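A quick write-up on the structure given underneath.
First chain written, first letter: the chains are A, B, C and D, and each begins at residue 1.
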Amino acid sequence: MKYPFVKVQKEDFDLSTEIKALRTGHKDIGAVVSFVGTVRDINEGDDISVLELEHYPGMTEKALEEIRLEAHKRWSLQSSLIIHRIGEMQPCDQIVLVAVSSRHREAAFEAAHYIMDYLKTNAPFWKKETFPDGSTRWVDARVSDKEAENRWQKSASPTQ
Amino acid sequence: MKYPFVKVQKEDFDLSTEIKALRTGHKDIGAVVSFVGTVRDINEGDDISVLELEHYPGMTEKALEEIRLEAHKRWSLQSSLIIHRIGEMQPCDQIVLVAVSSRHREAAFEAAHYIMDYLKTNAPFWKKETFPDGSTRWVDARVSDKEAENRWQKSASPTQ
Amino acid sequence: MLDIYYFASFREILGQSDEQLEATQYTTVSTLIESLATRGEQWQQALLNNTNLQIAVNHDIASRQTSLKPGDEIAFFPPVTGG
Amino acid sequence: MLDIYYFASFREILGQSDEQLEATQYTTVSTLIESLATRGEQWQQALLNNTNLQIAVNHDIASRQTSLKPGDEIAFFPPVTGG
């Protein structure tokens, strides 16, 4: 595999299994922070029946790996993993997993948060919602996601 | 159960199972952040054979529930869960789980981090390390943990 | 040749997911966009008059000023919404 | 009666995990500590001359100034180190 710590896949994932793999072979881990993004059953007030995730094969994996490696540069981490699903999903399905292990919790919390904020604005995925009446809508990018990303550019000295 | 979202137990826990329970019965969840604290195999340069967790039965559960409810006051959360193990553990064992679900990721990240920071300084647990030669040492409280807790008192307006 | 890809709402609005074009006449993304915009109003609105237009060249985020050479892969898409 | 508990290193240093004492003579945690400190040097160091001493009364964090009444549960312990 080109990027063993980045997976873009149709299949669902099991959190325990992935976290176990993340920790395997690494010593001196004291903290594991994981983020799971799930399909909300309501978005902007509307019920959602199906969520479809489109992506840009090739660029997606590269973008995720760049975000992951940047997190390893900024914080002292033991290991990290990004899984992003593509294709059709139902409400409550898992979409994305970001998991980070480190000696102490501060680095793991910050790095996982950072990876998610950058993934949201820099990884080429697009969400399309289908409503109960069959109509569809491409999800709009949120201004707050861009603001969340920008926050990390201000922080000159992240906690180690 | 008096505090169904707080568990103090000898048994290990399965992350997937706990996260599934955390999400059950809650609608409109988009983000689940979980923190797993694990027994490090090295602490302050020394190898560790066994870690023993002592606690104050009764007060522990109450303190954890207070921390959890305070997080629900500060952020808009759908659900949260704290599991803390007691008794003897080996390196790499899971010690603690804090998991939080919310609509958007910002609240879940901050609340999980907040709960861990407060748990570290306010929940009556004590760690005792046993080294390969059989000698033991009570783990000292870290100044950085107190600083981490204090950080939350300065932030007047947490992100919703 | 240039490999050109359109994603998400762009793919739907422009009615195609990818195409190949002769590379010789396009020196920058900007000149490529200007040429594509002559195809009609949908193209003009999506690529020329769209402040939300995102561009990637060879899997890296690029801009209108990015230069192009034969064999490059160019992609046009709206702001991303994964995660 | 007062129920008194000692945890972690305190339990080991003082050689006991809990005891019951008549409550009538102790009006605050401070007076209780002063009385316990007369038992010897270990007690004095752990409870009287220890800036790291943590106190709980009825499962809430308390201070030397916290008042006591019959039936209260008092615990003495070092700074916590869970998580």
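Going forward, a contact is a pair of C-beta atoms (placed from the backbone, for glycine too) under 8 Å apart; a residue touches a chain by one contact, two chains touch by 3 or more.
Note that the structure is a prediction, hence the values are computed from the model and not measured.
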Fill in the blank from the handout: By label, the chains that touch chain A as well as chain C are none
Problem - Chains touching both chain A and chain D, listed by label - result: B
Completion exercise
Of all chains, the one whose CA centroid lies most distant from that of chain A is D
Handout entry: Length of the line joining the C-alpha centres of chain A and chain B, rounded to whole Å
Key = 22
Practice task
Determine the centre-to-centre distance between chain B and chain D, using the mean Cα coordinates as centres, and give it in whole Å.
Solution key: 26
Completion exercise
Note: chain C sits from chain B at a C-alpha centroid distance in Å of 48
Exercise for the section: Please compute the C-alpha centroid of chain C, do the same for chain D, then give the distance between them in whole Å. Expected result: 73
Completion exercise
Flagged in chain B as touching 2+ other chains are 37, 105, 116
Fill in the blank from the handout: Multi-partner residues in chain D (2 or more other chains touched) are none
Exercise for the section: Can you identify all of the chain pairs that touch? Expected result: A-B, A-C, B-D
Problem - Complex interface listing, chain A residues touching chain B - result: 14-17, 19, 23, 27-42, 92, 103, 105-106, 108-109, 112-113, 116, 148
Fill in the blank from the handout: The chain A residues in contact with chain C across the complex are 37, 53-56, 58-59, 62-63, 84, 95-96, 116, 119-128, 138-142
Practice task
Write out the stretch or stretches of chain D touching chain B in their complex.
Solution key: 5, 7-9, 52, 56, 59-61, 75, 77-83
